[in-house]
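Each of the next two complexes has subunit A plus one more chain, namely subunit B in the first and subunit C in the second.
And now, the complex of A and B:
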């Protein structure tokens, strides 16, 4: 069982019952981003649909970071999540 | 559109501060040496850096939450020319955060109000007022006159327009964005590093992210993010330090944490070579065409009658307030149920299909959006309140507060 902490942006918190941080337990040893998102989508289907499209791809207005790096710059959803490294979901805001 | 050759050529790893953006201007006068002495005696700025600031032309997009502190600090720092783009007027609801404006200037165009404050702070500043709404027809021409663009606008469509215009002209673009307690700030610069599109290729679905007018904004957050934006502008102009190019700072002002993430030019991304015709459409905002059927509506007096008849058991309908909870706390219509627009459009709230619905918001815009969405989902008995709760207060309950 690997445990991963996921940071949720304020604009998406309503789809995870208001949480800004989620503790995700991923079966097996190490976790990749896909497995973390799978667990999130299972527990919070609406949140899952906001992050990934029907094909299971991360939506272009959502960004998923492992540590400081966007998974788009790494191995996408195959990016491993090392022990103790947080996953951060980031969505755009436009206020000024 | 073309493939981003320039982004490919740029080293993605830790882009260092490029050369100073601006050549030094004229010699400083005795008054200027005294006024700017606390900057000049810092080695990283010095007399030369101060002369660069004097020669710099910075365009500030929006004299609102972020633009207010940014303009004041840029003027105080001795930036020679400040352009201001804004087509709005000062409102009393701005003054909780837009510190360049004052109570005595309520109703005055924001550009003029800001120019007055700047003239008071630093009369040597050359202020250029652009009292217009930026669009695809004027953006390139306005931007061309400036060394650097600082973006404090308040909607996704303008954000993409500003990015694209700055990218096409190869100008650095200091970007900051705020909502409630959350802020994001970075520097984008095509040819030297990533652009806004590398971070956010697309805007979130229209209506799912509230604006500051709807969701609220922690007033001092404007200064927290706005001051970082000015620091980046000054560093780029003077060529000092390491800029935020390639990094984004993410502030949670409630938890008081600053996170840093990396952003790289995306080699797959097609960068624009000309402006889009319609940025609203790009952001999923459907313009209401003149020949569209008017939406089914009730006016405030009709709604008051309907509510009376509902109380008497003669009518059955649900009155749905699609504003944010904080807005409802200021003023609401008795008997309305709260269902914020973003949650309805995002699917978090399912409204009943077996009851007629009457939607309302502040002035009729958001309720119209939700109505169109519900109609598309097959709801067949939905109306909305013309003019929103503002019309209700005006016509039915004049004693209630407006905002």
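And now, the complex of A and C:
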């Protein structure tokens, strides 16, 4: 069982009962981002659909970081989450 | 002829205004003086709105797009005091479609004879049907699986299905999509066929195609079965046979481009358009916004300009106009990309301003509802100007 800490953006806190940080337990030894997001979507469906669309893709203007790195610059949702490294979900700089 | 709501001293008109950055509600007893709510969902795009009065208490529906966190449909049964956003989302493409919802362009409560049924038109091109008043929707497979759908092209706004028009007295339904055209179902949505004969597609080479027209709006005549009207991307049309053949009714209008076609809820042959100059300018004809009314099925048109700006370079978008169901005189409403909203209490003869300097107006709907105060936070709309 891997345990991952996830930082929740303030704007999405209402979707996870007001939490700004969630402790996600992922079955198995290691965790990839996809598994972390799967658990989050299972436990918090409204939050889950705000992060990923029906195809399971991270929304265009949503960013997921593992530590300091955007998963779009790594292996996407297959990016592994090393022990002790936080996952941070943030909205991108977009809009007008 | 449909039965109007009964307007009494206990009623008001509720106006739902979806904008690029939030949803506003407005209420008025005389349709001249309005109370405007604070914005709901400020910063979210309210691409589509609807007011469902079939069950007595009005339900307000809104198709929202959060550019960061995705689209959804929300509902309120207390004029926006509280909103419902289903945990799983109201609209969700089935896994086998390989598609994901981008935007809800249109929400349309069905006839009173089909309570609970609400239609939604969405992007990518798709039609959705709800049986629980808009809380959850199911994809219309008949249209999704239509062999022509995959070759439909996106319009400038995207691959959107933007109009749903069910016949209240039969199983017939018409939809319009950019740039696919009009499609008709005679069996409640099980099967569909293109219904564009006579509608021009000047942006395509060769002969008039069976489909691919860029129809901007369709509306059903209140009294004559099978009569519909269309505002096309170049061309204003009428069909008297449920869309099997369309004829031009653009004579008498200053322009045949636009996004609006409204029909009277009770009186046949009566409708309104807001003409614009071709697709190369896309502003009101002569930069003078006017509402043109017909009372004879489009054979003749009368300009109505009283109360409207003499100079306006802003577009009125396809969902940003509406009529109400007031029994004395139908109200006509529209909003502009400059964030101005206008109301007419006399069937389009004269207009007054409901609001100004809102974000771009994307969607407008109006209905007669029981009189009540708008929820806390609302305030009398008074234009605010800096002190000199």
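The definition used in the following text is that the second predicted complex is superposed on the first by the 91 of 96 C-alpha atoms of A that agree within 3 Å, B and C clash if a C-alpha of one lies under 4 Å from a C-alpha of the other, contacts with A are read in each partner's own complex, and residues count from 1 in each chain.
We adopt the following convention: contacts are C-beta pairs under 8 Å (C-beta built on N, C-alpha and C of every residue); 3 or more make two chains touch, one makes a residue touch a chain.
Quick caveat: nothing in here was measured; it's all calculated off a predicted structure.
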| item | value |
| --- | --- |
| First (subunit B), second (subunit C), both or neither touched by A:10 | first |
| Which superposed partner A:93 touches (first subunit B, second subunit C, both, neither) | first |
| Contacts of A:83 with subunit B and subunit C, given as first, second, both or neither | neither |
| Partner chain(s) touched by A:57 [first = subunit B, second = subunit C, both, neither] | second |
| A:25 touches, of subunit B and subunit C: first, second, both or neither? | neither |
| Which partner reaches more residues of subunit A (counting touched residues only), subunit B or subunit C | B |
| Touched partner set for A:73, first subunit B, second subunit C, both or neither | first |
| First, second, both or neither for A:43, with subunit B first and subunit C second | neither |
| Doubly contacted residues of subunit A, that is, touched by subunit B and again by subunit C | 11, 46, 49-50, 59, 61-62, 91-92, 94-95 |
| Touching residues on subunit B, where the partner in the complex is subunit A | 12, 62, 64-67, 151-156, 159, 176-182, 184, 199-205, 208-212, 215, 217, 250, 259-264, 266, 342-343, 346-348 |
| Touching residues (chain side subunit A, partner subunit C) in the complex | 11-12, 45-46, 49-51, 53-55, 57, 59, 61-62, 91-92, 94-95 |
| Residue ranges of subunit C in contact with subunit A within the complex | 43, 66-70, 72, 85, 87-89, 92-93, 95, 98-101 |
| Subunit B-facing residues of subunit A, complex | 9-11, 14-15, 46, 49-50, 59-63, 65, 68-70, 72-73, 88, 90-96 |
